[in-house]
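Below: the structure, in C-alpha cells.
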Amino acid sequence: MDFSFSDEQGLLKDSVERYVQQEYSFAARQKLVKTERGFGEKNWHTFAELGWLGVPFAEKDGGFGGGPIETMLIMEQFGRALVLEPFVSSVVLVGGMLAAVGKTAQKEKYLAPIIAGTLQGAFAYAEPQGRFNLADLTTTATKSGTGYVLNGHKAVVLNGPNANLLVVSARTSGAQRKTTGITLFLVDANAPGVTRRDYPTVDALRASEVYLENVSVEKSAVLGRVGKGYDVIQQAVDHATMAIGAEAVGCMEVAYKATVEYCKTREQFGQPIGKFQVLQHRMVDMFMEYEQSKSMMFMAAMRLAEGYTPQAQKAVSAFKVQVGKSGRFVGQQAVQLHGGMGMTEELSIGHYFKRLTMIDTMFGNVDFHLKRFGAL
Amino acid sequence: MDLKLRAGDLAFQAEVRAFIDQHWPAAARGDTTVREFSAVRAPAEQHWFDALAAQGWSVPSWPAEFGGTDWTPTQHYIWDRETARAGTPQMSPFGARMLAPVLYTWGTPQQREVHLPAIRAAAVQWCQGYSEPGAGSDLAALQTRAVRSGDHYIVNGAKTWTSGAHHADWMFCLVRTDTRTAKRQQGISFLLIDMKSPGIEVHPILILGDIHSVNSVSLTDVKVPLANLIGEENQGWTYAKGLLTHERTGIAGVARSQTQIAQLREQAARTPLNGAWLIDDASFKRHVDEVEIDLMALEITELRTLASVEAGGAPGPESSILKIRGTEIAQRIADLQIEALGYYAMPYPDQQLIDNEGPIGPASAIGALHGMLYGRAASIFGGSNEIQKNIISKAVLGL
Amino acid sequence: MDFSFSDEQGLLKDSVERYVQQEYSFAARQKLVKTERGFGEKNWHTFAELGWLGVPFAEKDGGFGGGPIETMLIMEQFGRALVLEPFVSSVVLVGGMLAAVGKTAQKEKYLAPIIAGTLQGAFAYAEPQGRFNLADLTTTATKSGTGYVLNGHKAVVLNGPNANLLVVSARTSGAQRKTTGITLFLVDANAPGVTRRDYPTVDALRASEVYLENVSVEKSAVLGRVGKGYDVIQQAVDHATMAIGAEAVGCMEVAYKATVEYCKTREQFGQPIGKFQVLQHRMVDMFMEYEQSKSMMFMAAMRLAEGYTPQAQKAVSAFKVQVGKSGRFVGQQAVQLHGGMGMTEELSIGHYFKRLTMIDTMFGNVDFHLKRFGAL
Amino acid sequence: MDLKLRAGDLAFQAEVRAFIDQHWPAAARGDTTVREFSAVRAPAEQHWFDALAAQGWSVPSWPAEFGGTDWTPTQHYIWDRETARAGTPQMSPFGARMLAPVLYTWGTPQQREVHLPAIRAAAVQWCQGYSEPGAGSDLAALQTRAVRSGDHYIVNGAKTWTSGAHHADWMFCLVRTDTRTAKRQQGISFLLIDMKSPGIEVHPILILGDIHSVNSVSLTDVKVPLANLIGEENQGWTYAKGLLTHERTGIAGVARSQTQIAQLREQAARTPLNGAWLIDDASFKRHVDEVEIDLMALEITELRTLASVEAGGAPGPESSILKIRGTEIAQRIADLQIEALGYYAMPYPDQQLIDNEGPIGPASAIGALHGMLYGRAASIFGGSNEIQKNIISKAVLGL
C-alpha cells in the first residue's frame, strides 16, 4: 500500500502545475474561449513538446510509459485551471483505443501524430436515443465489397469541430442494445458523407452533431476486432471517466479554496462573512466533499493501474457517483457563498460550477453510475 | 375545514380560464425562460397586456380606488395559479408589485397621479436602486449620497444588481441624506429618479449563461427634484422595509413549479431510455415524486397563509418558509430537468443559431441549463436563504 | 376553501388539549408505562365519558358524528403528550371497520361497547412475510359447516394484550398476494385456539404475536363481505395512517419547541447555545419540517373527509412520506441539540424520538408510501 | 502509488487471521451490541484476552518498551480491520487507548509500573472523569475542586456521562487546582483516583433503551494521594488535549461499518418482500450502495492519513473528517437496519424473555432499534460533530 508518487510522477505533476499557474490564468482562458477553435494551439504544441500527449502510452508506441496515475495527475491540474484543450477526447479516448487494439499500421498512421500533437481525434459514440448506454446504437456499418458503409447520427461529439480523425462506434450485427456486434471504425473527419453541426457547449468546449450518410470506409478502417468493439469502448470510457473525475477534483479544490478566501475578505454586517458559523460549517462540508472525492480519485486511478477488472470498473463508477454529488454541492455552494458575484460571467467561480455540472452528465450521471455500481 | 372552492370561486375560476384562453391562446404559450430577458415585447404579449387593461385586471393586488380589483385572497390565488399554469406574460414586478404599494401608501397625490396610471398601463418600466457594491444582503450599508441644493437633490454613488435598468424609464432608489446618524438604518431617503437624467450610466453585468438581466448603475451629480422624494426625508428605510415584505408574498412560486413538474414529466415521457422511457425509470420517477410531495406541502402552507390573511389576521409564522422552500424546490426541479436531458443539456443555446437551424436535441433542452444556472440566483437575491433563516430564527423562534 | 374549525371542532380540540395538559404530564405517562396493561384505565373511561371514543362515528351508531378532521384534532393533541391509550387500534381501526361494513347486530354487539370504552379491539392484519403489503396473507379461513376455521400467525398486533376483540384478516380464496379473496373475521380474543405472545414495544406500547390454530368461528363472525375485505382494510388503514401522522405532528411540535427552549437556557462557551448560528438554522429547519408536515396533515384529513377516493389515498401516502422524513429529522436533531441529556430515558425528548421513529415504520415507511404515491 | 499489500503485510494478515480463527472461533462470534454493556466477561471473551496477552498483542499501539508491538501503521490497520470484521472483544479504550499514552508520556516510573501492566492484562478497568454537569462539550468549564492537605488532595465535585464507572476500579480525572487563573484551561490538574475511595458515589444514567453504560459520579471529600498526580500541577489540560487527539484515531470505524453493511445485505437477502427479497428492491439496494460508496471514500481517506503518518509526517487535514463522516455513515447504516426490519423493529428486546422464549421476529431484530438509538450518541459525545466542524473551520480552513 503506497500513496506516494514516483519521482517521474512528482516531476510530471510539478511541471503541469507550474505550466497552468504561469500560462493559464482565467483571463487567458477566457481569451481562448473566444477564439475560433476554442483552445490554444500554442498550448497544444507545448503539451506535445513536453511529452504530455504521450503520457499514457507505452514507450514502444512513442509514449511516456505512464498510465492511469499519470493521466490523473495531469487532469487534476487541468481541472484547477479549467483547461480547454481536448486532452481527454484526443489522447485518453481516441489515443487510448488506438493503443489498446490498434494495428501497428494504425498506430503509426494515427497514434504517432496524436502524440506529436499534429492530429486530433474525437470519439463519436453517443446517439440521441442512447442516453448513457454505450451499446444502444442505431448507427449501422454494412459490408460492401471489401469495406463498409456507415449510416447514422452521433450526438454531442466532443472536440468534433477540431478533429481530423473520428472513431465511430457502429453496429455490424445484433439488435439495438446488444453488447455484441459493435465495431469501431477510424473515419477521416472530411470523408465524403460526413457532415457536422458544430456548436460550443455551455462550459465552453466545442462539440458536434455528426451525421453519417453512406460513408464508405476500407476494411483497414476497422479498429480492433469486428463485432467486439464494446469492451474496447467500455475500457476507454472508464479511463476517460476517471480522467474527468480527476479534473472535477481539481475544480472542487479551486472552488472551495476560492470560497474560503472570498469569505475571509468579503465584509457584511460589520465583519467578514467567514465569521458566520453557518457559512463556516458549509465550507467545512465543501472541504470534506473535496477530500472524499480526492480519496476516490486515488482509488479509481490505482484500480485501473492494477488492470481493467470488474473491481476497477466498480471503483470508477463509485468515483463518478462521488464526484457527481460532491461536485454539484461544492459548485452550488461556491456560487451561493459568493453571493451575486458568484452568478456573474466575469468571475471564474461560476465557470467552475458550469464545468462541474457538465462533468456530472459526461459519461453517465450519478444515477447511471449508482446503478452500474450496484449491478457490478 | 375543507379544500373545496366555493361556488363563487368556481365561477371566478371559470371566468379567469375563459379570459386566458381568449387572450393568451395555447399558440402563444411556450418556454418563458428566454423571453424573460428580451427587451422587445412580442405582439401576443402586447395583446395580453391590452386585454388586461381593458378588463381592469392589470394590477389585481392594488386597492380598487387606484385601479386594482376587490378580489378576495382566494381569488388572487386562483388568478396567480391559472396565469402561471398558462405561462402568461407577467408584469414587471418593480412598478406594479414593489413601488406601487409605496406610492399608494406614502406617495403624494401628485406622485400617485403621475406614476400609478403609467404603471397600470405597463407603459413605463421601473427598476429598483437598492443594492450597492459592498452592500449585498446588508442593505443598510448603502453609501449613495443625496445632498439638497435648491429645489433638487444632487445624487452621487453606484447601484448594482439592478434588474432591468437597461430598459427602465425610472428607478426607485434608496439614498443616504444624513451621514451622522446613530443607526445605519436612519438617514436614508427614498427617491424616484428619471433614468434619462444626465449623469446616469448603466453597465450590463452578464449572469452565468451570458444572460443580461442585471446591471450596475453609476450616478454622478444627478439632479433629482425634491418633489420626487417619497414621504419624509431620512425615513426611507421604513418605506423600503414595507416594500420588502410585499416582495415576499407569492414568492413561493407554487403554480410555476407545478407547471415545471408537469413539463418535466412530459419531457421524461418523451425521453428514450433502454428501449423504454425515462419516466418509467423508478429512481428518476421517485425523485420527481419527492419534489412533488414537497411542493404539495408548500402549496397548503401557502393556502394556510392566505386563509389567515383572509380571516383578517396577519400571515402566520408558516408564511416565513415560503421563500426558502419555494426556491429550494424550484432549484431541485431545474436539476432534474438537466438530469432528464442527459448529453443534450450541454449545447450552448445560441438563439440565432436555433432560429436558423432549429434546436440541438429536444426543444426542451433550449436554455434549460442556463435556466438552472439563473435559478441559483433565487436563493441569493432578495435576501439570501441564509438571511431568511436568520430572520425566522429571531422573529419566529425568538433565538 | 376553509382552514378554520367549526365550533364543535374547536371545543373538541380545546377539551383534549386541556385534558392532556392537566392529566398527562410526562411523569404521569411514565407511571402508566410501568403498569401491567400499559395505559390508564381511568383515562380510558374519561375518554369514553367525554365521548371521544365515539368521535368518528355516526350518531345513529351512538357516535359523535365526526370524521377524519375530528380524529386528526384528537390525535395531534395525543401526540403532544405521547398518549399511550389504544385510540387508534380500538376506535380508528376496529371501530372504523365495524362502522364501515358491520351489520346492525355486529355494531350493537361490538361498536357500542367500544364507544362506551367497555370493550377494546385490536386489528390483526400484518404477517411476518408480508412486510407492509396488506394483501400478503398466508393466514387461511377454511369453510367448515356453517362457519370457518382459521389458521395462521399474525405479527406485531398492537393492543393485542389488552384486546377482547380481534379483527383478523384471512384468505378465504386466491393466491398469497391477491387483493381479492381476503375476508375479515371478528374473533374473541379468548376463543379456543387463539394464543398470544405479548410484549411491550420500544416506544412503550403493547403488542402481541397472535397464533391461530384451528380457531372455529361462526358465519356471523364475518365482517363485511366474504372475499371483499381488502378495500375495507385499506380504508381503515389509510384513516389510521392519517391519525398516527397527526400524532407525529403533535410529537414534532413538542420536540422542536422543547429544543428551542433548551437552547435558550443551556449555556456553553459562555453563552446560551441558542446563540450559535448553526444551531439556530438547524432549529429553523426543524420548524419548517413541522410546518410542512402540519400542512400535509390538514390536506390528508380534508381529502379523507371529502370521501375515500384515490386522491385521498394519494394525499395520505404523501402525508406519511412527509411525516416519515420530517419526523426522523426533527427527532434526531432534537436529541442532537439536547446533547447528552437528549440521550437519557429520564428526559422526555428521547421518547418523542422513539415514537417518531416507530410511526415512520407503522403502516408502511417512507419508501413504501413513496412507491404507493407514485403508483396511484 | 498502489493499493496492494506488500508481501510482508500479506504474511502478517495471514498470521492475524489464523490467530483470530484459533482464539475467536466463528462459534463465539455474534451480535456485539448487547454484550458491550454487560459487566461480566463470557468465557470465550476471557480466552481471547488471555490469548492476546500470551501473544503480546494486548496493546499493539503502545511503544514496545511498555509491552506494545512495533507494528507499522499498515500492520495496525490490518489488525484493526481483521479484528473488527471478526467482531472480537475489544479492550476497554479508557485504560489501553486513552490513559496509557498519558502514563507512558508523562507518568512517573512508579505510576507506569503500577498501572501499565494491569491495563495490559485487562485486569483493571478505568473510566474517564472529564465531563461535568453544566460542562458538556465545553470541557474547560469544569468545576470539580482539588485542594492540597498534607500528602493528599481533597477532591469535591461531580462528573457525568462517565462510561463504565459502575464497573471501573480507577478513574482518571480532570480537577481544578487553581481557581484564580486568567484562562479557564489553566489551573487544571490530572489525577488518578481509586474508585474504592470513600466519598465516591456512582449513580446510573439510563440511555434510551434502558441501557446502562454511563453514570454520574459524585466526589465528596475524596482523599487522593499527591503521588497520583500526573505530571505537574495545573498542567492537566495539556495532557488531556494530547489524550483527546488519541481519542480521535481509528474513530472512523470503517471496518466496523463494513461489517455492518455486510450484515445488512445478508439481513435484506433473508427479508421477504412481495414474494421476492428486500435486497432485490431497487431503492433499498440503492440506499445501501450509496452508504457503501461513502464508506469506500472514508476508508481511502483513512488510508491516506495512515500513509502520511507512516511517511513520518503528521496526519494531513483529511484526517479531521474521519470522526464526522464515520459517525454519519454508522448512523445511516443503523437507520437502514431499522428500515429492513419493518414491523419487527418494534418489539422491546427483553433479554431474559428472549433467552427463555427466543427472539420475536428475525434474530437480527434483537436490540437493533436500541443500537440505532445508542448510535445517536456517537455524534454527541467525545466532541459533538458541530464542535468538530468548528475545529476544522479554525484549524484547517483558518476561518
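Order as written gives the chain letters A, B, C and D; numbering starts at 1 within each chain.
The rule we apply is simple: a contact is a pair of C-beta atoms (placed from the backbone, for glycine too) under 8 Å apart; a residue touches a chain by one contact, two chains touch by 3 or more.
Small disclaimer: the values here were computed from a predicted structure and weren't measured.
If you compare A-B with A-C, the chain pair joined by more contacting C-beta pairs is A-B.
Centre-to-centre separation between subunit A and subunit B, using Cα means, comes to 39 Å.
Once the centre of each chain is set as its mean CA position, subunit A and subunit C turn out to be 54 Å apart. The centroid of the Cα atoms in subunit A and the matching centroid in subunit D are 43 Å apart.
Counting partner chains per residue, subunit D has residues 283, 286, 386, 389 touching two or more of them.
Annotation for subunit A: residues 276-278, 281, 370-371 touch two or more other chains.
Taken as a graph of touching chains, this assembly is complete, with every chain in contact with every other. Remark: subunit D residues 131, 134-138, 141, 160-161, 205-210, 214, 271-275, 278, 283-284, 335, 338-339, 341-348, 350, 353, 357, 360-361, 369-370, 372-373, 376-377, 379-381, 384, 386, 389 touch subunit C in the complex. On the side of subunit A, the complex with subunit D involves touching residues 1-6, 9, 69, 260, 263-264, 274-275, 277, 280-281, 283-285, 287-288, 291-296, 298-299, 301-303, 305-306, 315, 318, 321-322, 370-371, 373-374.
Against subunit D, in their complex, subunit C makes its touches with residues 126, 128-133, 136, 155-156, 176-177, 197, 199-203, 207, 209, 267-269, 276, 278-279, 328, 332, 335-336, 339-340, 342-346, 350, 353-354, 357-358, 361, 365, 367, 370-371. Contact residues of subunit C toward subunit A in the complex are 276-278, 281.
Remark: subunit B residues 282-283, 286 touch subunit D in the complex.
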